[in-house]
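By letter and in written order, the chains are A, B, C and D; residue numbering begins at 1 in each of them.
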Amino acid sequence: MAEAEKHDSSPNEHLALDPTIRDDASARLRSIRGHIDGILRMLERDDVYCVDALKQIKAVDGALAKVGDRVLRGHLKHHVVTAHERGDEDAIVDELMDVLKYR
Amino acid sequence: MAEAEKHDSSPNEHLALDPTIRDDASARLRSIRGHIDGILRMLERDDVYCVDALKQIKAVDGALAKVGDRVLRGHLKHHVVTAHERGDEDAIVDELMDVLKYR
Amino acid sequence: MAEAEKHDSSPNEHLALDPTIRDDASARLRSIRGHIDGILRMLERDDVYCVDALKQIKAVDGALAKVGDRVLRGHLKHHVVTAHERGDEDAIVDELMDVLKYR
Amino acid sequence: MAEAEKHDSSPNEHLALDPTIRDDASARLRSIRGHIDGILRMLERDDVYCVDALKQIKAVDGALAKVGDRVLRGHLKHHVVTAHERGDEDAIVDELMDVLKYR
């Protein structure tokens, strides 16, 4: 949590996430939080079945991947395709590969 | 959300998730919800950087995969290895493969 | 390569892969080998485009995942569901989780 | 196989894969082909154990992911970061997202 709030010392701090994508990502994450609340209520039941829990975790994972895809697409479109013009292409590619590896 | 709460008509409703794993999964999911709250606060900032958001989404994804691994291990240990004795092995294997595919 | 041929000291060496699944896996792997040969020929061209190569790698990855799914399903059906009866459920679950993690 | 050899009608046919990366990818794919040959020999044995086959498939999958990572890094570095200058950023981003989705 603390980790999520701290400002990473990125070499590209001036490159902000597009406001439309930011709003979309927030809406999706709020929906995911609601889905997790649903799983938490599900797990209060004594008779909850493992596979039903696994299905819900998989659904959350899919929803989370969609948020990632939107943010990634925005990053590519707004920052990566212009990296050579700015001259920060090495940093842009290195940090992107770090995030994409085994995603 | 609604989907997470509805009781799936599983052929194995009598096979309940082990209470220790249930508690562990709940604790982990509450922590994940906190992490998501952190990302939501992060996304309120005008200058949030895409890759910082992607890193946090990736971290949540890893934490979610760990919950899934715990529940899966419990399911294998408590229900799958005894399926032949109960005689529900076909249903157990089919539903497990559905969840594991492309996970 | 050498690694693929050495016999792992599994606690369950008597549990052999079902012959039908073995034949199916072999046929699929030969087809994958052919697909890889196709990519190798593709890579001989000076003008091969990165994304065309990435698409083919992704297709091979999908085909490989299908082989894994078939072998996994066979293992679950023939060996995992009977593990409690044999008394080797701890070993069966541990080694399976090792293979499934981050797959 | 046929699919691997056909030339996709990409909007960026003039953007060729870097020769160094092309050689590295070819060397890695030849090694993967050798690994697959090893699995095929492994599968000729009557007593091959499912989990040993799954481990080898997982190893090949990891090796394949590394080839993909190298080609992707090269594509980002040589073609994506310059897309805005060329004016083909929409096509570049769309086709890249197609390949990255669920990879």
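Quick note on the criterion: a residue touches a chain if its C-beta (ideal position, glycine included) is under 8 Å from a C-beta of that chain, and two chains touch if they have at least 3 such contacts.
In this text the structure is predicted, and so the values were computed from the model without any measurement.
Chain centres computed from CA atoms place C at the largest separation from chain A.
Taking the mean of the C-alpha atoms as each chain's centre, chain A and chain D sit 24 Å apart. Work out the mean CA point of chain B and of chain D, and you get 30 Å between them. In chain C, the positions touching at least two other chains are 65, 72, 96, 102-103. In terms of inter-chain touching, the protein chains here make up one closed cycle, each touching precisely two others.
By the touch rule above, chain A contacts chain B in their complex via residues 1-5, 7-8, 10, 12-17, 19, 22, 25-26, 29-44, 46-61, 64-65, 67-68, 71-72, 74-75, 78-79, 95-96, 99, 103. Residues 65, 69, 72-73, 76-77, 80-85, 89-90, 92-93, 96-97, 100-103 of chain D are the ones that touch chain A when the two sit in their complex.
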